[in-house]
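For clarity, chains are labelled A, B, C and D in written order, and residue numbers in each chain start from 1.
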Amino acid sequence: MTKPFVPRYDNGGLVVAGARPHRWPAMGLARPAGTALLVVGAQRSIASQCAGASYVWETISALVAAMRPWGAKIAWARHARSPANASCPVLPPAHGPERGPAARRPGDLVALAYGVDGFSASPLAEGLRASGTVHLVIAGFGLEGPVHSTLRTASDRGWECLLVADACAPFQPDLAPGALGMVEMSGGLFGVTATAQGLLSALAAGAAHRGEQAV
Amino acid sequence: MTKPFVPRYDNGGLVVAGARPHRWPAMGLARPAGTALLVVGAQRSIASQCAGASYVWETISALVAAMRPWGAKIAWARHARSPANASCPVLPPAHGPERGPAARRPGDLVALAYGVDGFSASPLAEGLRASGTVHLVIAGFGLEGPVHSTLRTASDRGWECLLVADACAPFQPDLAPGALGMVEMSGGLFGVTATAQGLLSALAAGAAHRGEQAV
Amino acid sequence: MTKPFVPRYDNGGLVVAGARPHRWPAMGLARPAGTALLVVGAQRSIASQCAGASYVWETISALVAAMRPWGAKIAWARHARSPANASCPVLPPAHGPERGPAARRPGDLVALAYGVDGFSASPLAEGLRASGTVHLVIAGFGLEGPVHSTLRTASDRGWECLLVADACAPFQPDLAPGALGMVEMSGGLFGVTATAQGLLSALAAGAAHRGEQAV
Amino acid sequence: MTKPFVPRYDNGGLVVAGARPHRWPAMGLARPAGTALLVVGAQRSIASQCAGASYVWETISALVAAMRPWGAKIAWARHARSPANASCPVLPPAHGPERGPAARRPGDLVALAYGVDGFSASPLAEGLRASGTVHLVIAGFGLEGPVHSTLRTASDRGWECLLVADACAPFQPDLAPGALGMVEMSGGLFGVTATAQGLLSALAAGAAHRGEQAV
């Protein structure tokens, strides 16, 4: 599709009209000061178990490169096993020493979680609250695992979520359609999905409208 | 399959050998005093949106009828919209007056949740803790919604979970295979699945072994 | 003291300059749309165990009468015992049928908690979040019990709290000075305290400035 | 008092008969496998703000030395400011590099919290659950701050708590009586208190009874 989304924009505000099953945000606009890009499972030990991880890292980098200058908060969730579920197979047993993703910058929010859910035993909720985030763009590794659990909790706690479908790498490619379908077919139960291109186009259109150089 | 499960049993303990992707519990036995059957989305307003709800109510009733005399705790999670996500489409806006499911008995654990996740803004964790539950059998309505969110949180918080596949009704039948696949194909990330017959056979075999009338 | 507080005000914003150990809010102004009055332990079964409950109900009623027309959200936390702590002596075993406080109105936030802490197993956080609350005025019953636990959690979760000292009734009068001292002497660890008169004067001064009838 | 406590003991079980306002545990015995000693605020940045910190470290070391060989889990909570309450005066802004307390050993539970409450945005609950803890002995730094907040939440979540009065250092000595009084005078609202000597005597008496060398 050459033009899958019809972005609307206003004075720095963002709307992704082609999100499924409905536009995002559902009403009004996402403002930079109230929006965060949250990258879930942002660590080698998880990404290395995912299909298409290299491509997804590139896509996430493009999202970060566009959303950071727009003014969104950039947040990274890392996971270790919950102490209460020590046999959890896909998560590392502890938060090890780590070289951050290339796209990470000082001042980004980094939340260490204990569990599949990025909100589990982590300061993620408090960090997002402190930054004034109400609109949450979600990407990351383990689409049907950490990404989905984090999306579900974010939605229950009141963040209005946009899952960027092709900026998420699944553990099992067979499970990706179902993971996306649960979002798209449920009428907005856990937020909505869009493509990275749809989000980037909406951002670029807003920038052009404002007379800025498109990011 | 005429005999899909090979139950093993010992002195009131339960093991479902044919659970996927591995036996349940992973080690040892589930004892009655440490086991609960949790029925998620146990309310007309959710069940009425699900495919196959009547059949699933019958299956759940059979599970309750078998697990209650065995000694397991029976728990029911009901959901209203999280106040922070007031547009959530599938959940009722508030906990209304309600006639409990026919299978409910005084002394059962009933937890009112605000959110898709049965643990969200609810006393479910405290109630399960008070009853000494460590092994959790999960069934209910909204397989890809409330059931999955509750399963994910239960697992992060340390309950060892068995999802009874055919005792769960999906909102969208197309999404059921993916919802079960996420459990079965992930190596135990959120527990394991079994069929109702597999669980009932394991319970009955244990009862026969103990000289009781099979439930 | 005839004039213990020096209110400052601006366009509907509120500041209580005489709060201890520092002004409230610490910076800027509390706006009606971002402010809630939270009454903790707002139920007969708790109030009846408190010293000075009648006087405190009157004081709380005056606060409600002033803050509601100003535009603040009014929130009420009610408590039952946590299922995990069933021997808790001062809390009722379950949420019974209840006639709300006279000052309660439809549209107020009512959160049922299971535990001494109003945030425990309750939708209080989600309800406050949904109303956009960032500044929290706290009053209620069980100063050293439910009120203090709720204040502590509210502060950890990012609400900037003002405890109205004489709108709180203690279980044990001997413990009131310590409960207030923990707030006032800790440099703002859990927020600040003020008197009801100090808060009402600040509200009235703002109203006069705006040409309204003083509340 | 030369003999303030009358320990009773049975086959490795512990009871502190002189705890206030009632014996601990309220019923039955605390077994080593179900008991943890939790040291709150166990870090130089908090201890250095407390009155009597050196003495309290010695007392805590004696408790660790007695409870570890008995078989209790040893747990340490460290605190940084909640991201949502970044101005919190007594907590360090982040978890810095740290030399553990001398008494810490590999295998101890260490939980990093974000907030005054050791359960806030931390894996403390999951860690205690994983170790099978039901009875919790609490000591540490910031009696009226981190220690009290952690005690309150532990109690709401179902751990039966014993606060060791003289193994806690307050920020403000004036506030210590009130902090202890809130526990002792409330009929068990947040657990009970005992002295270190009372706890050590009960442990030693049990050891002597079992023919072990008194610890």
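Everything that follows uses one rule, which is that contacts are C-beta pairs under 8 Å (C-beta built on N, C-alpha and C of every residue); 3 or more make two chains touch, one makes a residue touch a chain.
The structure presented is a predicted model; accordingly, all values stated were derived computationally and were not measured.
> Work out which chains are contact partners of both chain C and chain D.
Looking at chain D and chain C together, the chains touching each of them are A, B.
> Determine how many degrees of rotation, between 0 and 180 and to the nearest 5, align the Cα atoms of chain B with the equivalent atoms in chain C.
So the angle, rounded to a multiple of 5, is 180 degrees.
> If I list every residue number at the interface of chain B and chain D, are over half of them used by both copies, so same, or under half, so different?
same
> Of the other chains, whose C-alpha centre is the longest way from the centre of chain D?
Chain A.
> Considering A-B alongside A-D, which chain pair is linked by more C-beta pairs in contact?
Result: the pair with more contacts is A-B.
> Counting only Cα atoms for the centres, state how far chain A is from chain D in Å.
39
> Between chain B and chain D, what is the separation of their C-alpha centroids in Å?
36
> Between chain A and chain B, tell me the centre distance in angstrom, where each centre is the average of that chain's C-alpha atoms.
That pair's centroid distance is 30 Å.
> If I count partner chains per residue in chain D, which residues reach a count of at least 2?
Within chain D, the residues that touch at least two other chains are 82-85, 115, 120, 125-126, 129-130, 156-158.
> Tell me, which parts of chain A touch chain B in their complex?
Interface residues on chain A, with respect to chain B: 26, 82-85, 87-90, 115-117, 120, 144-145, 148-149, 152-153, 155-158, 171-172, 174-175, 177-179, 181-182, 185-190.
> State the interface residues of chain D toward chain A in the complex, per the touch definition above.
82-86, 109, 112, 114-115, 120-127, 129-130
> Please name which positions on chain D make contact with chain B in the complex.
Touching chain B from chain D are residues 125-126, 129-130, 156-158.
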